[in-house]
Structures are given as structure tokens and as C-alpha cells.
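My questions will all concern the structure given below.
Labels for the chains are A, B, C, D, E and F, by order of writing; each one numbers its residues from 1.
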Amino acid sequence: MELLVSIIIGVLTACGVYLSLRGRTFPVVLGLTFLSYAVNLFLLVMGRLTIGNPPIINDNAANYADPLPQALVLTAIVISFGMTAFVIILSLKAFLEMGNDQVDGKHRP
Amino acid sequence: MLEFLLSLLVLTGASFAFIGSLGLIRLKDLYTRLHGPTKATTLGVGSLLIASAIYFSTYSEQISLHEFLITIFLFITAPVSAHLLAKAALHLGLPSLAEIPEAEEAGQTEMTGTAQTGATEAFEKNERIGSENASPGEKARPEKSESITKTPGTPDQTRP
Amino acid sequence: MTRLLPHPVLTPVLAFIWLLLNNSIAPGQITLGLIFGWAIPVLTIHFWPDKVSIRRPAVLIRYLMVLFYDIIKANFTVARLILGNTDQLHPVFIKLPLDLTTDLAIGLLANSITLTPGTLWARLSDDHSYLLIHALNETDPDRLIATIKQRYEKPLKEIFESC
Amino acid sequence: MLAISIQIAFALVAAAVAMSFWRLLRGPDAPNRILALDTLYINTIAILVLLGIHLGSALFFEAALLIALMGFIGTVALCKYLLRGDIIE
Amino acid sequence: MINHIVIFPVILPLLAGILLLLMPQRHLLFRRAASLAAIALQLAAAGLLLNAVNSGAIFVYALGNWSPPFGIVLVADRLAAWMLVVTALVATCALLYAVRGTDKDGAHFHALFHLQLLGLNGAFLTGDLFNLFVFFEILLLASYSLLLHGGGRLKTKAGLHFVVINLVGSTLFLFAVGTLYGLLGTLNMADLAVKVAGAQTEDVALIQIAGLLLFAVFALKAALLPLYLWLPAAYAHTTAAVAALFAIMTKVGAYCILRVYTLIFGTQAGPVSNLIEAWLLPLALMTLIIGVFGTLASTRLRQQVAYLVIASIGTLLTAFGMNNEAGIAAGLFYLPHSTFAGAALFLLADCIANRRDVMEDQFEPGPIIQQQRILGTLFFILAALIAGLPPLSGFIGKFLILQAALPHAALPWIMGVVLITGLFTLIALARGGSMMFYRAQAPHICHIHPDANLQRSGISVTTELAPVVYLLAFCIGLLIWAGAITEYTTVTASQLLQPELYIQSVLNLEVKQ
Amino acid sequence: MSLSLIALTPFLGAGFVAVIAQLGRLHAAWGAGLVALIALLFLLPHTADAFSGKVLVHSIPWMPMLGMDFAFRLDGLGLLFTLLILCIGLLIILYARYYLSDRDDMGRFYAYLLMFMGSMLGIATSENIIQLLIFWELTSLSSFLLISYWQTRHESRSGARMALAVTGGGGLALLGGFLLLGQIVGSYNLTDILASGDLIRSHDLYLPMLILVLLGAFTKSAQFPFHFWLPNAMAAPTPVSAYLHSATMVKAGVFLLARLFPALSGTSAWFWLVCFTGLVTLVVAAYIAMFKHDLKGLLAYSTISHLGLITLLFGIGTPMAALAGVFHIINHAIFKASLFMAAGIIHHETGTRDMRILKGLWKYMPHTALLAMVAAASMAGVPLFNGFLSKEMFFAETLFVINLPWGWLLPAAATLAGIFAVAYSLRFIHNVFFDGEPTELPKQPHEPPRFMKVPVEILVGLCLLVGIFPAFTVEPILAVAASSVLQGPVPEHDLAIWHGFNTALFMSITALAGGVILYLIRKPLFTLQERLERLFDFKALYEFLLEKLLAFASAVTHFLNTHSLQRMLFIFMLFVIALGIFGATATDHDYDLTGERGILPVDGVSLLVAAVLVAAAIATVVMHRQRLISLVLLGAVGLVVSLIFVKFSAPDLALTQLSVEVVTIVLMLLALYFLPQQSPDESGKWLRSRDALIATTAGGGAALLAWAVLTRPYESIAGYFLENSLPEGGGTNVVNVILVDFRGYDTLGEITVLALAGLGIYALLEHLKIAGASHDSEGRAWDEDLHPTIMASFARLLLPLALLVSMFILLRGHNLPGGGFIAGLVTAVALVMQYLANGVIWTQQRLPINMHKVTGYGLMIATCTGLASWIFGHPFLTSTHSHIHWPVIGEFELASAMAFDLGVYLVVVGATLLILVYLGLVHHQSHQMKPRKRIR
């Protein structure tokens, strides 16, 4: 399972990096979203993999997943949501002001 | 007995979910494919939820009926999405096996769609060559070349 | 009265759903359920331009049972169709003339049609005079129209639109 | 018996996921892909419910509930986009 | 007794931001007054805190009354207090400049301004690595909005680049924090320091990677080579008041480098000790060179000042990069100087550009401008200040840095680069200034901007230039009280190089229930 | 105390003068004179002590930690310079008052002049060498202002910039040198340095230190090859030239040589460097001076040459040579100041300085001519004038190396330079005052105002007095200055005109005779020189180098910074990868990538779901140019990510991810409406491969890192949270308790981020007007059904249900998956649904809530919850919780954290809707505008 998760993180990171290197705002936003998926997963699994033991205290559970990374990821998700929203609107504004959605405001026909 | 009932429900549910998705593969046009998910939503997820309700009512201290809420929500929402998909398909003039009544065609516009006939052969051919980005109807349209138009409204405001 | 209790039906329904959500009938939850059941309609009053009233609750229950039965039956029918030779299917678009007039009733009808596997609501005409329905495999559209009108539209008219 | 049934059920639902996803990749057009995504949402509910029974945990319920309640909004928005371009005019 | 003053620098801007947000948007004067009052309070709070930590004590504030390393702590040591004071001072001047009019060019300026300060102050005070990330995000998001304040094409483009690259940086930050947590199981920086020092040899390489990734994040914020590319356009095109405030922004990166690589990856860090030593100094020197090349190549004043900011970060990190007490102390003296000087030049550049009509701040002969004499004098002084010419604080800073370099192995490099770039800076500034002031043509004075007349009546030129003069006065203060200040920075540096006190203060904190 | 005031008075005076200049032009001159007199007054009480050979030091504590004080010093050398600076300064002030025209701003001039005077005095009286350096650089700055005084002239600006660059740059080198010197000695105080000569000379750092110090001295004193700034500084008003190039600026360099003479001299490095530089400068500059047509140009090169002479003397290094050096400093200051002033008078009265035009002025201004002749004779080293004395001493000193191989070269070169000096002095007099009748002069020449000549007369008088009665006039000050230069007894010397027939006299005679002859045969030399000049044009070289530097800087800057985001990100990625590789490899310890922790087995469903995720991610990349499709695929990726969260025991995360996903897709669609539907294929194959390589490396790195950590054993602080969540935090959902309690501060920050996003986006959208498209990308008109009726009614039906669910999630969050975030997002989504189904306006009318306020109050509630703990004497954000028993309802748990969570809820709702509502309004407006064509 660890290998699978590592591969997923790797693929998401790679996709995010590739897309964020594109020349148009929209793929860049997609790339940033991918990167945030990747890092959220990464952060989560830093508490190691635990299946079926959410950190919710009850009498039956023997052990729990590490709750701290989860709290961190929750924070990270919300922050990256705010950031993504901002960059989406900003790219809209950039498109409007520069006449095209090239990230550098250049239009290459 | 209980376990048998649960197994039955679980298997039924999973099977209908499976068949629903199978429909996505086997059926030939969007309109018929749309019938697939309804199975998954109704009997598929429904059976599973009943199984879940029975399971948790039995194995925990309290009766678990909140699963039915999921069904209620699904019954409200799923038809809406199915409807909008059909509506969008009609609007885009997606090929259909069934003949589309004239008034419902997407041809309210300058469409030059080819897909009104509903001829199975023509349709299948189209789907085979259909590229990722275009329905057969769209494929037939000549490429539009549009120049950049500077959007009015915001003059350069580098300096106030 | 309308401002204080805008939706007499909705309040108990919401309270009931609250109890379902919590899987509990503890007095505290009932109280909370009633509070929310009351407060949410008050807060969302502007989103409900017209009041919903169910005139024939018994018919509603019968309607739901019929629908439930039809859904299960149709599920198996359609499962056979999908597993069988899909080239033999005869899909068709059917116009279903409407007698219903209120949005909610039409909505529920369309909803029921879509929930029943094998039929699908595709479009509502602009003047609300008919529904365009897509049927997965139907050789006799008129029969289908008659069935729908009989099994669904009539009870719905009774429930929501009978005077 | 239930355990085996659940395993079989998992396999069936997984196959359903695979098929839905195939449609998502294959298209060929936007509505087909949106339909596939919508179906994926339904399949996910199935997986969650199965997981709940499998692990004997009620903690998956909310996720399923939220998908049932909000999953369709994505579909609706995408369809409206195809229909009107502007989804909240 | 809990010292609540530790959290004032966080609470004050937060409350100010919220109240300014809730205040009716139409009462501009009222909002300005509230905003200025809030900044005055923050200044006072920072001053009190500075006074408190000057005793040598480190104040630890356990948020939520949870004992470290479990809860988040604020740690006020000399370094943090120093940064807070510098921030408050520069922010005051930026705000004074903004309330003259540019604050109404866009929505929510004052709320954003105070929330930006919240981010900065929070970053300086926190003792928790993930919390540092959170406050980074606050200061970044606020800075995005402030950067774009007022709108305009170039601003938008620069803003887009700034935002995207920082988002990637934030992702990297999380990767690094995650790795550290995954290996060491803690987030508290003092605890991390202990755990890193006792790390298993198996984990050393991974901890190194995490530490170096963090370095990339901080280097991006600090605009260290090769990650400085976002800065020139962003700083050159934004509103003057914002650019002035941003003079402190790069210093956040420098602060983090100093904090993290003395505390967690410092000399005491066992197998990963002095982690970035091989990287920081060479990169800082190259940054200095590139920054100065940029000032030579600049065709307009604001662009030039932006590159000067890069050069100053190069100088600052050269000082920190020496990794000795004298170097860090020198850097801590240079830090406020370069912040004030950069901010003052941004403001002055705006004053000049506003008077030169379409020429703006381009290095081309333009018309003789209103108040040429006073602006020219100020420019001359500020140019000498930022170029590090005697007798102003820039010289003292540079002198201290070079003196610190004397025992360092890289002395020839440091001295060579610092001295030669100093010469180039001089040449660049003399060229630009002479182009704008000396080559002013025709004795006519242009009145093009509609609000220009209003701005240029006798009284308003005083208020316009007051913030510049204040910043200059702070630099002169640095010069006059250089004795006391170098004493403070030297003790601060020694506190940083011996993090035991910090670690003990945090980890031995007794939390009373 | 008054010691420090000598140097500081002119600085204070500069401000004073600038102010009183407002009252009238001449006030400035009087004020400046007064200031100089006051400074002189501060000097007077100390002169007796200084003359008696005492060293006076006065310190003001400044940076005690670094052993840096403001310290002033007055000894013989200092006294000599102070007197020169102040006395000649006074004369210049008087002279300038007549020289400057009505158009010139006197206040500015005198202010700058006083600043310069103060800087020079500071150099002369500094005990601390860093302080000396401060004043040193201040002379560069104030001379920049003086030289560029006529700033509208091109040559003034460029000359000033050049002087600043060269002398300022030299100052930087000097800083380096002084730092090394301080390092060697352990002190920056001259007293210590002068006492540590042996230590310094034997130190490893001696040579680099010496080179840096000499660079400073040579640039300032215009030694070859840094001499070129001085002739170009002649663009300054003549009083400035007279001051800077006689007694002050350029003398700072030789002052430094004299000052540090005991500490630095006496090594072969010193001898070769200083002698050679001085000698080359002496000869080359004297040679060039002969050919300058500009009067001031001639004087400039002559100045350079004489400075070379002084430098050479200090380089020779014998006590007698040093004494001669000091003596020539005095003499040169006197005659050169008078010559510049004379040149200024000529320029002032004739309107030109070109010796090809100037002729026969003897007839029109005989008085001036006489003064000039005396000064020129002194410059040429004619007996009876002061220049002769020091020059003869110089000739004598050049002979001390005569026994070395090639030793004759030095006296020979000195004599040659003497010949040139005589020739240019002769030219100065002959070309200007004789040589025919002036015909082309711009102005009719006549004698200048009376008081303009007074300063010249005084100085010329001194030339004669010193020249004839050296022992009675200059001897005392020379002796005390020389003794402080030597830090010891002054060698036996005899200041007399006649020392008998000796080699030095022979050399003097040769120089005089040779000079006359050379002047007579000058014509062919001029043609030769014209060709040479082009070969050795240092100014052109400097400008060429400067241009190249600027071009190089520009090229580097623009090569690196192309203002391209793609490039920035590419470099960032490369840097990160480099750091990562460095981190992974630069360790002494061998380590295995895979750790020792047991790993979990993989099940089929997980494998399949993972495959779906990977395929969806890759498909998104492959199809990213078709934007809508990539968005649909992204939706699938997000869904699977939430499934992974569920799988790995993180239900809260799954809920959050699911809700965020919905809002994100809606937002992206809202933006996509305006944006092109497809990305053009812009990156070429190479770029794509490059990016793919970078991406793969980054992804591989992330995967390896994850793998390495995941397989390692693990210990964390998590146990504390699990143990204390219920008893101390009052909740069973540990994640939520962490969020609202253990790490509530993070959460407070996080909702601030969200609020900021809302505010920022609101500010971005303000005034944003953008036209909508009337057709989709394929040219189809939009569907006419704005708000499908039935969908609208279902959306309304769902609203209360969704709100109920969000309340459910909010309330249970502390104990079960849920909480303020998710509840807030569900509420927001429920409302978004209304926007989707019914449109912006319809919904807005029914939701008359200001989302700014909701956000603000949310933040306020969260903050105040935290602040409330102060009342109980606890730190910010300390929570409290208790079980409350209510009749009928039963046991109720109340935690302050719930109030905090309510704040979170409100912020999430407020900020999310703020974003959507205002973007929606932009959409609404877009329909009121003329539709535009889609931009692809």
C-alpha cells in the first residue's frame, strides 16, 4: 500500500509540475490544484497509513490514525482553496487586461 | 438468515451498480447511456443502503435509519442531473439512436449538425472516428478563425 | 402566523429528518430538530414563493409505493436489456402531454419518470404543455404515455392540484 | 458469507468504477464525460457504504451523505455550462 | 504570570483588520484614523516587547494553554522583537503615505494592510513550523491583494507571477514540513531542534532534504538568487505605499533563514549541523552581484529600487551566511537600515514620478519638477544611504559586515564582492539621479495630473514627504545610537548561536491549568 | 571638545548658510566666511600644544562594543593640514564671492563648499581610521556636488560622476584596507596603528592591505592610471578647482601616505608600489601638461604631476624624503591655489581659457600677470620662489638610489619631469600674457575687482616669503608636521636657497635650461602629441569600460529576467531538484531508502482506484488543452483523492475535500466562461520534453521521499492529542479538537486566509467589467432556457435540507466527523445551488446579507472566543467545556471551542459566498454589455 501511495503522490506531483509550467493561466491553475492534491496526500500519510481507524475516540478502537497530519491537511485544504479561488479570479483579470490568457501577457500566434 | 439477507442485498446492490456502469460501455448513444446510472442510484445504492441500515441497526446499540436520507437525497438530485445531461445533449445536437422530434432539435441556431437521422450505422462510424474534442456534429463544422478582440471596459490603469 | 410558522409541513419534516440524521429520538434531539425545523423555513422563507400543501396524504403514500414497485420492476427489465443484445434496442423520444400545471407536481412527475429505469425525462416544453421523454426500449409509445398518465400523473394531480 | 459477498460486491463496484472511468476517458464528447463523472459519484457512494459495512464503521456515512447531497452540483454546473456558458447568470 | 504582551503584535492587527472590515465603507476619514491609531498601538506594543526582551529573557506564550511541543507557542526573543519593531516602523510610514490618497484606489486597503501586518508579526513570533506556514499564507494572500491594489495591467501581470510562484512555494513548504513531521513526529521548532540533533543516521539524508526544501521556500520569499525573478516587476509596479511595506517582506525570508538555520539546523544540530552553509553565502554574494547589475541596467527608478532591494537582501544574507556572531549581528544592524532605505526610496520614487508627468520615473531627461530642490536633496541623501556611503547607516552596516568577514575563510570573496558592488551601486545611482535631476530640461513645470495641484500645495508636500523623512530619520537614529544598537544585535546574535536558552525556555515551559 | 568641533562646525555651518542665503546672495558668502573663522577659532586654543609636538586626542563614545569611538586627533601633520584647509578655504570663499555670477545660487555653493571643508578637516583630524574614512567618502560626495554645481552642463555632470566613481571607488578599497589594518593591529586608532609598524609590516595581510590602502590614496591623489578624473573635474567652477586641487581633495591622498608613513613604509613593496606610481605620474602628467590648450587643463595635469612628485617622495621612504614631501605639500598648495585663481580671473575677464585664443594680456591686466608669473615661477622651481626649495630637496632625494643598478633612472626621470614643468610653466605665462595681440577674445579684458585679487596676492606673497626666508616662515610648522609624519625626530635639514654646487643644483639648472629649450622647439612636439593622445585617452577608456559594464549588466539582467513565469517556475524547480539531490547525497552516512517499518498489503479495489487516479491525472495532463474536459477529469481526480482520505481513516478530510471540490469546479466554470475554451499548442517538442523531464524528476523525488518516510518507524506527539482530546478538550473527534483547541491558533490563521481571499477577490472584481460571449466556442447560440423551472424548484426543495445537514455537521463536529469548515462549505454549496438554479439576482434579492459582515463577524467571534480566556487569566484561545444538564432536553455538552467553530463556520460561508456572489455579479453585468466574440 505504501508503494501505491508513493506512486500516487509522485504522479500527482509530476502532473502538477508539468501543468504549472504551461504557458496559459488555465492549465497553470489546474497544475496548482494537482500540486495541492499531491501535498495534501503527502502530509496525510506522513502520519503513516492506517486503515479503518479514524482518530475518533471510542471504546472499541485499539489504535487510531495520527490525528495531527489530518488537522494540518484540513488547514492546508482550506488555505489552498482560498488561494486557488484567488488565482482563478486573478487569471480572469489578467486575461481581461492583457487581452489573452498567456501567463506572461504575450500572445504567440 | 440475517447474514444471508445482508449478502443478498449487498450483492444485488453491487450488481445493479455494475450493470449501470456496464450500460455506459455497452449502450451506443448518450441518451441510452443515461439510463444506466438510474439503476445504480435506485436499486444499486438503495439495496446497499438497506443492507447498511440493517447491519448497523443489528450490530450497534441503536437503530440506524439515517441511510435512508442518502436515498432521499439521491432520489431528489439524480434525476436533476440526468435531465440536465439530456438537455445539454439535445442542445449540442449529440447523435441519437432515437429520432429526435423536430421541435427539440438543437437546430435553433446556425447548427449544421448531421446527427438528426439517428441512423445507427452513420452514428457508429462517427463515434469510431470521433476525436476527443468533438461530437460528430461539431466535427462537420469548419474551423473558425477568430482574431483577438481587445475587450473594452478596463483601460490601462498602470497609474492612477 | 405565516411569518412565525411559514411552512407547517416543512417543520415536522425537517425535524423528522434531523432525527434520522442523528439516528436518535432523544428529547434533546427532538427539541433541536424542532428548533431547526422552525428556524430554517423562517430563514429561507424568501426562497419559497408559494406554499406547499399536500391535500391527499393517503394518495401520496400509495403513489410512493407504486413508484417503489415500478422502480424495482423496471430495474430488472433494464438490467436484462443492458446485459442482452444492445443492438436490438429500440430507443425512442416520446412527447408526453401534460395535465399538471404546478411546477412542483410536474417536477415530481418528471422525477418519477427518470427514477424509473428505462424512461428518462429529457425536456420540458417552454409552455409546460408536454414533457419530452426518452425511452430506452419502447415500441409502443402510446401505451407508455397512457401508463404514465394513469400511474403517475393522475395521483400527482390529486395530491397537489385537486381543488 | 457476508465477508465473501462483500468482497464480490467490492469487485463488482470496482468494475463499475473502471467502466465509468473508461467512459470518462473515452468521451467522446463533454456530456458523455460528465455522465461518466456523475456515475463515478454514485459508484463512490456504493464504495463508501460497502466500506462501512466491511469495516463495521459508521464514519463513512457523512461522506456518502454529502456526495448524495452535493455531488450532482458538479454535473449540473457542467451541463449548464454547456447550455448557457454562464452558469449563474 | 502570563505575559500577554507577547501576543499583542498578533491580536492588534487582527482586531484592527476585523474592525476595519466591519466599519462602514463610506467613512474614509474614520477608517484612516482607526487604521493609524491601530498602527500606533502596534508600534507601542512592539516597543514594549523589545524593552521586555532586552533583559535577555525569552518569553514563551502557550496558546490555548497547551504545553509545548503539543500546542502552538509564541516565542518572543530578541530577534523576534527586533523584527516586530522594524516592521511596525516601516508600516507606520507606509500607512502615513497611503492615507494621502492611494488607499482609496481599491477596496479594503486598510483591512488588508493590517492583516498583512498580522501575517508578518505572526511569522516573527511563532515557535511552530506549521504555524509559520499558516502565517506565511496570511502575509502572502494579503500581499497579493495589496500588490494588486488599484489595478492596472502591469500590476496584474506581475501579481500573477508573484501569486503563482508563491503558491508553488507554499506547496514546497508543506512537503518539507510534512517530511520533518513524518521523521521526527513534532512541529514545535525547539522540539524539532532537539529531535534533529538526536536523529538516527538512517534519517539524516531525509532530514537534510526537508531542511533544504525549506531553504528553497525561504529563499523564494527572500528573493535570493536564483529565485528573485518575481521581485523586480512586482515591486516596481505596485503602489508606492505597498512597495514601501514590501521592503520588509523579503526580510521575512531572511528572518526565517536565520531562525531555522540557527535553531534547528545550526551548529548544535549534530549530523545535519550548519546545513545550508555551503549554499547561503555563495548564493547571497551572487544575489548581491545580480541585484547590482539590475540597478545598473534599470531604466527607471522604481525598477532600480526593486533591484536595490535584491542587492540589499544579498548583502543581508551574506552577513547571515557567515554564520558567526559578528556576521549575524552586522546583518541585524543592516536589516532595518536596508528596509527603511528601500521603503523611503520607493516612496520618494513615487513623489518624483507623480511630478514628471508621462516621464514618470524613467531615467530620461524630463521637465524640471516642482520642489526639485528638496526632492533632489532627498534623493541624493537616500542614494548615499542605500549605496552604503558614509556617514549614514548603510555605511555602518556594510562596515560591520566587512568587519565580521575578516576572520572568515571567504574574506577575499566577501570583501571583493561587497566593495565592487558598492562602487557599481554608486555609479548606477549617480547616473539615474543625474539623469532625472541634473538633466531636467526647460524651466517649465507641468501640471497634468488633475489632482496634482492639490497635492502640491505647500502643506501637502510636507505630508507627502514626511514618511520619507521619518524613514530617513530612523536611519539617522541607527547611526546615532549605533552603539546601543550594535550591542543589542550582538547579544541577539549570540542568543541565536546558542539556542539552548530558546529550547529550554520553550520545552520547560510550565503550563498552569 | 573644541577639537571635534573643528571638523563639525562647517557641517553645521552648511545648513546655516543654506538658510541665510534666502536673505540675500552675499549673506551666504559672509556666512561661509564666518563659519570658516569659527572653525579656525576652535583650532586656535590647540595650536600651541600641537606646535610643541603634543598629540591631542578627544574621544566621544559611539560603538563601545566594537571599540569604535568618534575620536579626533591633532598633531603636527593635522595642524598643518587644518591650517591649509581653513586658510586657503577662507581665501577661496572671498574669491568665489566675486567669481560667481548673478545666476548662480550662492547658498547652494557655499553650503557644498563648507560641507567639503568639514570633510577635509575631518580627514585631517581623525584619530579613528574608520572615522577618517567616513570623512574621506564625504569629500567624494561633497566634491561630487561641487563639481556638478553647473549641473545643466554635460561636462559638469559627467566630470562629477567620474570623480565620484573613481574617488568613491577608491574609498571603498580604502575601507577594505582599513578593515585589514584594523584586523592586523586590533584597533582602528591611529595612535595604536602608528605604534605597530613592525607588527603591520610583518603580517600576512600586509600586502593586500597595503594595495587596498594605496588604491584609496592613489585614486584620491589622481595618481596614474587613476588620474583622468582630475582634468575632467575642471568642469567645476574655478574656486572649486582652486580649492580641491591645491590644498584639499587631492591632498587627501598624499595626506594619507604621510599619515600612515610610519606604519606602512619601509618595505620593498611600499618602495616599489609608491615610487613607481609616483614616478610615472610625475613624468607622464608633466609631459601631458605641456600640450594642454585649456588653461585649467594645464594646471590640472601639473597638479597630477606634482602629486606624483610628492607620492614619489613618500615612496622613497627616507626621513628626508618624507620631510621634502611635506614641504612640497605646503608649497604646492600655495602656488597652485594662486595659479588656479589667476586662471579663474583670466577666464572671468576674457571669457575663455583656451591658450590658442588667449594672447598678450600683459597689456590689459599687468597686475594679474605679475601675480601669475610669480606663481608660475614657483611651479617651475625657479630659485627665490618656494617651489624651488622643495623641488631641490626632491632632486637631492632621488639620488639616494643612484648606486643601485639602473639607479640613475630615477634622477634622470626627475630631471626630465623638471624640464617639462619648466616648459609648461613658461607656456602658461608666455602664451597668455605675451605672444602677440589678443584678437579673438569673447570679452574685452581688464583687471578684475580689487578684492578678487586679494587672495591671489596673499598667496603669491607667501610664495615669495617662503621662497626667500624659509627658515623664518615655514620651518616651525614643517618641522612639527614632519616629526608627526615620521613619528620621531626630524632629520637634520637646512632650509636655505643656497646649498653650494651639488648634483641637485645641477639638476635644477638642467631642468630650467632644458625647459626653456623644450618650449622653444615645442611646435613639432604638438603634432606628435596629438597622435599619442588618442592612444592614451584614459577618459575614453573609462567611458568605454563603463559602457561595457552597463551593457554587460543589462545583458545579464535581461538574460536572467525575461519576465516569464514559465522561466521563473522552471528555475525554481531546477533549484529545488538540485537541493533535493544535494540533500540526498551529501551525507557521510550510508542509508537505505527503504526503512524497516512493515508495510500494508494492497487490495484489488485500492489498486484499481489508484490506477484510476493515476490514469485520470495523466489524462488531465494529456488533454489539458481542452479545458472543459480537463476540468471534468480534475473532478474525477478530486473524487478519488477524497476516497483515499476515507480509506486512510480521515473522514473529516474526505468531507472537506468533497465540498471544496464542488465549489472549485463551480468557480473554474465561472471563470472558464470568459476564458478561451482551449489552450493553444504553444510549447514546442523540446519545451514539452524539458518540462516532462523536470516534472518526472520532481514527481519521482516526491514519490521516493514519501516511500522513504512511509517505510520508516515512527514516533510522534500524536499520543498526547489522543489521550487528552476527550478529558481536556471535551471532544471525541480528535482532528476537530486539534483544529479548534490544541491548534486553534492555526485555524484562526486559516480562516483569516479565507477571509483575506474573499476580500482580495472582492477587491479584484471591483470595477471588473467583461463582456460575455453570445455563442459557445463552436459557434452555437446559447440555450434559451435560463433557469430550467423544475431544476429551480428542486434546488429550493434542497435548500432547507442542506442547511439542516450543515447544522448537523456543525454541531457534531467536536465528536464525530464534521465541524465548522465542512458545515460552512455545505451551507455555501447549498446557497451556490440557488445561484445555479435561479440566477444571481433572484438569489441575491432573497439573501440580503452582506457577506463582508458575515466574514467579519465570524472572525470576530473566533477572536473574541480566544480573548475571553484572558478574563480567566489564561492565555489566548484557552478553551473550556462543561456538561450542562437541561430539563427535558437532557445532558448537553457545551465547549467554548464550539463558539470558535461557529466563527469558523461564518467565515467559511461569508468568504465563499463573497467570492461567488461578486463573481456572479460580474457575470450578470456581462450580459448587459455588448457580447463579444470568443477569444481562442
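Annotations for the structure displayed:
Assume a residue touches a chain if its C-beta (ideal position, glycine included) is under 8 Å from a C-beta of that chain, and two chains touch if they have at least 3 such contacts.
What you see is a predicted model, and the numbers here were worked out from it, not measured in a lab.
Counting C-beta pairs in contact across D-F and across E-F gives the higher total for E-F. Relative to subunit B, the most remote chain by averaged C-alpha coordinates is F. For this pair, subunit B with subunit C, the centres built from the Cα atoms lie 19 Å apart. Centroids of subunit B and subunit D (each the mean of its C-alpha atoms) stand 11 Å apart. Separation between the centroids of subunit A and subunit C, computed from CA atoms only, is 39 Å. Here the CA centre of subunit B is 53 Å from the CA centre of subunit E. Across the assembly, subunit B contributes 15, 22, 34, 36, 41, 64, 66, 69, 73, 76-78, 80, 82-84, 87, 91-92, 132, 138, 148, 151, 153-154, 156 as residues in contact with two or more other chains.
Touching two or more other chains at once are residues 10, 13, 17, 27, 30, 34, 59, 65, 69, 71, 76, 80, 82-83 of subunit D.
Among the residues of subunit A, those in touch with two or more other chains are 16, 20, 25, 28, 38, 40, 42, 45-48, 51-52, 54, 56, 68, 72, 75, 79, 82-83, 86, 90-91, 93, 96-97, 99-100, 103-104.
Looking at the complex, you find that subunit E touches subunit A at residues 130, 134, 137, 141, 144, 148, 151-153, 156-157, 159-161, 163-164, 167-168, 170-171, 174-175, 177-179, 181-182, 187. The touching residues of subunit E, when paired with subunit F in their complex, are 2, 4, 7, 11, 14-15, 17-18, 21-22, 61-66, 69-72, 106-108, 111-112, 115, 118, 122, 130-131, 134-135, 137-138, 141-142, 144-145, 148-149, 151, 157, 160-161, 164-165, 168-169, 172, 175, 179, 181-183, 185-187, 191, 201-206, 208-213, 215-216, 219-220, 226-227, 229-230, 232-233, 271, 279, 290, 292-294, 296-297, 307, 380, 384, 389-391, 395, 398-400, 402-403, 406-407, 412, 415, 419-420, 422-424, 426-427, 430-431, 434, 437-439, 482-483, 486-487, 490. On the side of subunit B, the complex with subunit C involves touching residues 15-16, 19, 22-23, 26-29, 31-32, 34-36, 38-39, 41-43, 62-66, 68-69, 72, 75-76, 78-79, 82-83, 86-87, 90, 96-101, 103-104, 120. Taken together, the subunit F residues at the contact with subunit E in this complex read 61-66, 68, 130, 133-138, 140-141, 144-145, 148, 151-152, 157, 160-161, 164-165, 168-169, 172-173, 175-176, 179-180, 182-183, 208, 546, 549-550, 552-554, 556-558, 560-561, 563, 565, 567-569, 571-572, 575-576, 579-580, 582-589, 591-592, 595, 702, 705, 708-710, 712, 714-718, 720-721, 724, 741-746, 748-750, 752-753, 755-757, 759-760, 762-764, 766-767, 852-853, 855-857, 859-860, 863, 867, 869-870, 873-879. Only residues 16, 20, 25, 28, 32, 35-36, 38-40, 42-43, 45-48, 68-69, 72, 75-76, 79-80, 82-83, 86-87, 90-91, 93-94, 97-98, 103-105 of subunit A touch subunit E when the two sit together in their complex.
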